[in-house]
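The structure under discussion appears below in the form of structure tokens.
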Amino acid sequence: MGDEEDLYREIIVDHSQSPRNQGTLEHPTHQHHGYNPLCGDEIELQLEVSDGRIQQVVFQGSGCAISQASASMLTQQLKGKTMTEATHLIGTFKTWMKDRQAEQCPESLGDVEALAGVRSYPVRVKCALLAWTTLEHALAGH
Amino acid sequence: MGDEEDLYREIIVDHSQSPRNQGTLEHPTHQHHGYNPLCGDEIELQLEVSDGRIQQVVFQGSGCAISQASASMLTQQLKGKTMTEATHLIGTFKTWMKDRQAEQCPESLGDVEALAGVRSYPVRVKCALLAWTTLEHALAGH
Amino acid sequence: MLDFPGLEGITYLDSAASSQTPNQVLARMEHYYQRDRANVHRGAYALSSRATDAYEEARQKVADFLGTDADQCVFTRGTTDALNLLARTLPGKKIALSVMEHHSNLVPWQQRPEAELIWIEISEDGRLDQASLEAALAQKPDIMTLTWVSNVLGTINPIQEIARRCREQGTLLVVDAAQGVPHLPTDVKELGCHFLVFSGHKMLGPTGIGVLWGERQQLEKLPPYQFGGSMVGLVTREKTTFADLPQRLEAGTPPIAEAIGLGAAIDFLRARGMAKVRQHEKELTGLALHELRKIPDLRIAGPQDPEKQGGVISFQVGKVHPHDVATILDRRNVCVRAGHHCCQPLMRRLTDMWTPGARAPIALVRASFYLYNQPEDVAQLVEGLQEARKVFSRG
Amino acid sequence: MLDFPGLEGITYLDSAASSQTPNQVLARMEHYYQRDRANVHRGAYALSSRATDAYEEARQKVADFLGTDADQCVFTRGTTDALNLLARTLPGKKIALSVMEHHSNLVPWQQRPEAELIWIEISEDGRLDQASLEAALAQKPDIMTLTWVSNVLGTINPIQEIARRCREQGTLLVVDAAQGVPHLPTDVKELGCHFLVFSGHKMLGPTGIGVLWGERQQLEKLPPYQFGGSMVGLVTREKTTFADLPQRLEAGTPPIAEAIGLGAAIDFLRARGMAKVRQHEKELTGLALHELRKIPDLRIAGPQDPEKQGGVISFQVGKVHPHDVATILDRRNVCVRAGHHCCQPLMRRLTDMWTPGARAPIALVRASFYLYNQPEDVAQLVEGLQEARKVFSRG
């Protein structure tokens, strides 16, 4: 199994076992509870946006390694981004997840690119996406 | 198509077009309304039984040639018979109808034997039986 | 007719009851059973994911066939199931329906608690009576439910026009398309109804599958009909939240192979082209009407006009009982139906028109066509009918 | 395994979700589609009569398999459909059910208007808690509904004993036999329950078919559930009379090919012998329990005793999430399920037992066996689980 193919790279296992940016905020400006009823994965995402930029972002969740690692890696990418940049990021990630062919992500997603292997497991793509759709809802103020 | 095979022998067509013993009784001692919801065949059978014998028997009905001819021929057989004989007759007819192999009816059924061909058409056997099950119910006092 | 092994040696004129099934449909179901056999929406493995994909692709095929979106197409077990779903979940008291409805589009509504039925009568030539339709509309029913094509008369009802009228006044229009979708090009947006239902087994598909299509806004209002696996969100001992459409209306393990088979049937129909299917049946119907009219004493119900009807012709052969006609035809391997065709109120109405005062309702012989029938089949039918007349003129 | 082409190259351990289908079943359905393709109960021709005979023969096969009469076997679309039928038509308010019920045997009852649910708890080893069962019985519920075999724990519930108690006090006992009939010799008279339901797709049969069996006296009391063709007697505009059992509960065109396929599946199972099927699964379960217990950190739910459970084993692998376990197994073509298995209240209960205080309910990996599984499959499972542990101990 090639490295590219490997779903459970060390970095993913690491993120899932030691998630970054875990916790809750006192005064979140945006938040959303994402839930996948089919598999039970959950992510509670909170953001603090001021001056049009994401200043703080934390999450709490439970679920499989893919969903939790994806959330952890997402939070790393968000800090300091504008709302537009964040929205753009979501779009980029979603498109990439659905395209098994694309060698590399069109834009650097940092650690997130370790999720490349998920694209070969259609049933697991929804796990990787959960954090991102939760973010989408949070930004939309739902 | 051999004669034995022929469903619509002249005698059947004749009975269906000119049914014997049609009508109603003023003082029936036994009667029953037989109905086949699947095909809509109907037979209203009335009997006058006294001294343990069937003195009178008439019917009215609507439906296919087989059901009406069978009713007409049945009434011909009944007159003068005791209840026990009638019950026996029903049993004989039913058994014969369900046995495609039996060359001839075990007991003489007169014109009724012209129904031999029906046994090759399982979907039509219920038509031939209607008058007989109606009689069964009538005798049982339902 | 290599595609339809079931037709070998027989003249099949009962497609309105159930159609034949082409080998392509069987092969597609077999492929599921032999290569993708798993439950859907549940597994965490590739096999189950393939099964799910195949099931959802079938839904997409249905959607494309109807000119709609996949999430508006709910798989049911058939037309009857879909109509019961609607009769159980749609709100309203006043329900308008026509005298030509199939029992499956009549009894579920009649048996609704507190239902108030408004009957739309038919004309002598078996079409919806215009005045009666107007009167029904004027009562502003909550629901109007109509067959698109009558399974006895063949009549094609003017759904598009009626839908327009219903929409103007806020009446929900349900269309029983069991005899429509298999035979006519269908575009639900063009038709304009709120709901439309049909069965797979009448359109080259397998038994055990049907479709409920609904306008999204209307579908979303429906409460769940059956409860169980797959249609839930969160379940606790006290309460349950429900999944989104279409899953919300599909409880339990769905008819997976059957949905896939229906998808394959749709592929087959689209390859032929629905306009062509309709044209072919129109020609056969025209020919059959022409030939049948030549037979003395033969009385035909319905419009008797291939432009106004589908490939369904019901009739009586003099005084010969329809079951006897059917049996005489069957001896020649010509398959037709005889009886009340699950339309007893219609038969009552025809009885009152044809033999006023008669107590027992009439029965009819029905011949129905599909894409695999040929002019030769009409000839077989006519010969058989002539024999029936001969047998019964001996007496 | 020539009979089961679906098993080629895979280790299928998800028969509790849906079983594989042998070629014999496919061939029998194909025969119907290619040689006897017509609707049932309706035609006046030989083809339709053959279809009807095949359909009714299938019913007789079901009856023989259960030790009962054909008119007590109603064809449904599956277990969920049958349970919804009962939940909609049986009278009563107080309904007792266990914490291990599948959503399909829970939500239909929970959503009944005015239902008062009485919960039967489970013991640490996943069996019905005796005290709780007594307490439930003491409340004299109108209905008790229980799974015969748990689809998560594997637990075989003592139906016979419970049925005796229910009968003594006039409680109707419904048995969800979705996981029972496919795996255990079944004699409904011996079991003693009032109703029993199951699905074809879990017992080598096709999708889209199930059975509702009922004691004749109880079945006769049920009002119709769905309305439409085939289940009626006389229909007028105002009212409808209904047909006798079993037709009264089978509205519309039934799943004909599916019933015939189920009949063929029963032939297959009878040829193997249900006692042998059970014995084989018992041995595999024993072996699997033995092997799984050797894996460190692996926690198994349920009785862990092949005498007390069917061929279903659910477990957790340390802290590795079940979906990740399933995916790692899937990469080796080992098919298992992971998640809540349509038993959320049970998962909640297990969570409270295993990790008291945890908010999110646990999920489990489930491996389930059927007659086609072999010791080799257990070995594959174990190897895969070892890999899962290795992957997640890198971090």
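All chains are identified by letter, namely A, B, C and D, in their written order; residue positions are counted from 1 within each chain.
The definition used in the following text is that contacts are C-beta pairs under 8 Å (C-beta built on N, C-alpha and C of every residue); 3 or more make two chains touch, one makes a residue touch a chain.
Note that the structure is predicted; figures quoted are calculated from it, not measured.
**Q** Return the distance between the CA-based centres of subunit A and subunit B, expressed in whole Å.
**A** 80
**Q** Centroid from C-alpha atoms only, then distance subunit A to subunit C, rounded to Å. What do you get?
**A** The separation of the two C-alpha centroids amounts to 48 Å.
**Q** Averaging only over C-alpha atoms, locate the centres of subunit C and subunit D and give their separation in whole Å.
**A** That pair's centroid distance is 32 Å.
**Q** Give the residues of subunit C that touch two or more other chains, as numbers and ranges in rising order.
**A** 43-46, 48, 232, 234, 322-323, 327, 330, 338-339 - these are the residues of subunit C that touch more than one other chain.
**Q** Quick check on subunit B: which residues sit in contact with 2+ other chains?
**A** 38-39, 121, 123-124, in rising order.
**Q** Please categorise the chain-chain contact pattern as a line, ring, star, complete graph or other.
**A** Looks like something else, not a line, ring, star or complete graph.
**Q** Each pair of chains that touch: what are they?
**A** A-C, A-D, B-C, B-D, C-D
**Q** What residues on subunit B touch subunit D, complex-wise?
**A** Against subunit D, subunit B makes touches at 37-39, 121-124.
**Q** Sort out for me which residues of subunit C touch subunit B in the complex.
**A** 320-324, 327-328, 330-331, 338-340, 359-361, 363, 391-392, 394-395
**Q** Taking the touch rule as given, give the residues of subunit B at its contact with subunit C in the complex, in rising order.
**A** Per the touch definition, subunit B meets subunit C at residues 1, 7-8, 10, 13-14, 16-18, 38-40, 42, 62-66, 121, 123-124, 127.
**Q** Where on subunit D is subunit C touching in the complex?
**A** The contact residues of subunit D facing subunit C are 5-6, 10, 12, 14, 17-18, 20-21, 23, 26, 30, 33-39, 42-48, 77-81, 83-84, 87, 99, 102-104, 106-108, 110-111, 117, 119, 199, 201, 206-209, 224, 226-230, 232, 234-240, 251-258, 322-323, 326-327, 329-330, 334-339, 342, 344-345, 348.
**Q** Please give the residue numbers of subunit C that touch subunit A in the complex, ascending.
**A** 41, 43-46, 48-49, 53, 232-234, 243
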